[in-house]
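Structures follow.
Both of the next two complexes hold chain A, though its partner changes from chain B to chain C.
Right after this comes the complex of A and B.
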């Protein structure tokens, strides 16, 4: 059984039973899973984790659902790669790339949906649904295919073709909505009141969100049971960002890594949709919703549900937030591809360009151990970097080749 | 003619489980006042002690977040639809 006790409102601390609920009836605050840390900390150990499955379920003691092979598509335990070329280019000595773009449906969303779909089955749902900027659509659809649940995914109508296809291929019903993600999300909140479906990021959200804690655990384990000095991650709703921090702290509390956690959490957004980072830069804890207009579409949430908590995470970790310009989104994608052979989507480009700024400004010092989170795959959003394609067109002769490439082996 | 207000699940215990309520109001403050006279106590769920909209409540007028309009002063017309939606949802 999962080591869970209840759901609790983050704002007014009212308790609720473990049910498909995400909002406090009293103050509308977000509900969070309360864990039995005594049981977790007594049960877990480095040895137990290290001998567990090579997926995020090696951390099952810390997750709010029981492992369920019916829905598991092997999310998580993705590579942590020591960077050479990018590190050198940025003047950093110890830079790691958490490459979460190689999950089964090619984004970190498999982590949250792995938990949400297992919990949905526990609750007896036969249909799973979501509002999505694309990656979640794919993850929900893939897990539904595996588990035999029906799936409805709701997306903004301007989504990249690759994002739509990589959700549709698994057989979900795709509902393309005329409007931004925030509009889609509002519609889904209304539908969630009407249909008895597991909307992963609405009524199952407390469980879903905790799947991202594994991004903290995994990095700590892969660094040799320690937390990095800096972590740089992109943010849309801000949920993943807060859960990485939560994961690191839970590991410290369980004695798996040293305490206290001294990781500085740096949040990255693009100029065209930066409600969280802008609030940080303006030194306010109130998020002003914006109308997204960004090429980093997976980050285009104008009214981020966890924005406030992301700001608190920055504050308590001594981190920062970075806004990158719109043209730096694709530049970051290209820089990572060119230096490390990893092709990420716009969100990864935002993280890389933010990392570059943090290194240039001296916020991250050359000797600081740093991890940058790459959360999605570039193959879904090829439109973003179409300008790299300019093949040499030649006749099939050696002369034509050598004339075109201006190289000659004599 | 009147204005339709969509009531979210967490507030339906105030409205005898009604998911839609009709009011006749000139602006959003009126809407909330009328809701509260129909369903005493509902205002405290929507507004904080300072009379501002609670942080985790989103209100939409015909699908537009009223924070992009005039907030609580947003004018309401006959035939409009006001939607009250808990803010805590989503994650791309």
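Right after this comes the complex of A and C.
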């Protein structure tokens, strides 16, 4: 059984039973899972975790759903890579890249959906759903395929063909909604009220969101049971960012890593959609929603549900927020690919460009152990970096090749 | 019933928008949560009434410069 006690409102602390709920009926604050930390801390150990499955479910003691092989597509336990070339280029001595772009459906969303789909089955749902412009659609569809649940994925009708395909291939019903992003939002809210489905980021959101805690646990374990000095992560709703911090602190409270956690959490957004980072830079805790207009499409959430909590995480951790310019999104993607052989999407480009700024400004010192989170795969958004393609065109002869190469060299 | 998040900037904070909304449109307004600061404020507002009337009331608020968003944050994710 999962070590959970209740759901609790993050604003008024009112308790609710463990049910598919996400919002406090009294103050309308968001609900969060309350864990039995006594039971978790008594049962967990480094040895137990290390001998667990090579997936995010090695941390099952800390998750709000029981492990269920029916839904498991082996999400998580992705590589933490010691950077050599990028570190050198940025003047950093101990830089690690958490490469979450190699999850089964190629983004960190597999972590949250892995928990959401397991919990959905526990609750007796036979259908899962989401509204997405990319990564979440793929993760929901893939988990539905594995588990045999029905899946409905709502997308804006102008979504790129590649993104539609990476959700459709798994067999989900793709519903292309004729209308703007706002219209899709509104429709999904109405559908969530009407149908008894597990809408992963609506009625099972408290459970779903906690899947991202594993990004904190894994990095701590992979660093040799310690928290880094700095963590740099992209943000859309802000939920993943807050959960990395929560994961590190839960590990410290359980005695698995040193306490207190001294990690500085740095949040990265692109200029075209930076409601959280802009609030930080303006020194306010009220998020001003924006209309997204960014090439980092997986971060394009103009009205972020967890923006306030992400700002509190920055404050608690002594971190910061960085806005990168739109042209720096693809530059970051190219820099990571060129230096480390990792092809990420726009969100990863945002994280890398933010890391560069933090290193250049001296916020991250050369000797500080730093982890940058790469949360999605570049193959889903090839149009972002199409300008790198300029092959040498030659006749099929050795002379032609050498002439072309010489031409290029000279 | 619909729940929305209204965001007010600068001069709009001083305007009795919710009062006027209830007066000019056939909707019942109910403030559920709010944070009002000097230059920016948000309100989680419940509206009851005919769907078209709610749409009209929110369109009117938008036309004044009050931003209207889903109360739960955006549901469409990347």
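One rule holds for everything that comes next: the second predicted complex is superposed on the first by the 396 of 410 C-alpha atoms of A that agree within 3 Å, B and C clash if a C-alpha of one lies under 4 Å from a C-alpha of the other, contacts with A are read in each partner's own complex, and residues count from 1 in each chain.
Operating definition for what follows: a contact is a pair of C-beta atoms (placed from the backbone, for glycine too) under 8 Å apart; a residue touches a chain by one contact, two chains touch by 3 or more.
On a predicted model such as this, the values are computed, not experimentally measured, just so you know.
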**Message:** Looking at A:209 after the superposition, I want to know if it touches chain B, chain C, both of them or none. Which is it: first, second, both, neither?
**Reply:** first
**Request:** Examine A:201 and indicate which partner it touches, taking first as chain B and second as chain C; both and neither are also allowed.
**Result:** both
**Item:** Touched partner set for A:29, first chain B, second chain C, both or neither
**Value:** both
**Asked** What is the contact status of A:185 with respect to chain B (first) and chain C (second): first, second, both, or neither?
**Response** both
**Message:** Looking at A:266 after the superposition, I want to know if it touches chain B, chain C, both of them or none. Which is it: first, second, both, neither?
**Reply:** neither
**Request:** Could you tell me if A:240 is touching chain B, chain C, both of them or neither one (first, second, both, neither)?
**Result:** first
**Prompt:** Thinking of the overlay built on chain A, is A:226 touched by chain B (first), by chain C (second), by both, or by neither?
**Reply:** neither
**Request:** Check the residue A:356 against both partner chains and state whether it touches chain B (first), chain C (second), both, or neither.
**Result:** neither
**Message:** If I apply the document's touch criterion, which positions on chain A are contacted by chain B in one structure and by chain C in the other?
**Reply:** 11, 22-23, 27-29, 109, 131-136, 181, 185-186, 188-189, 192, 199, 201-202, 236-237, 288-289, 298-301, 303-306
**Message:** Per the contact definition, I'd like the list of chain C residues that touch chain A in the complex.
**Reply:** 3, 5, 7, 9, 32-33, 35, 37, 40-42, 44, 67, 69-78
**Request:** Write out the stretch or stretches of chain B touching chain A in their complex.
**Result:** 6, 8-10, 13, 19, 45, 54-58, 60, 63, 65, 67-68, 83, 85-92
**Message:** Can you tell me which positions in chain A touch chain C when the two form their complex?
**Reply:** 11, 22-23, 27-29, 109, 130-136, 154, 156, 181, 184-186, 188-189, 192, 199, 201-202, 236-237, 284, 286-289, 297-307, 347, 376
**Message:** Show me the residue ranges of chain A that touch chain B in the complex, using the header's touch definition.
**Reply:** 11, 22-31, 109, 112, 131-136, 179, 181-183, 185-186, 188-190, 192-194, 199, 201-202, 205, 208-209, 236-237, 239-240, 288-289, 291, 298-301, 303-306, 308
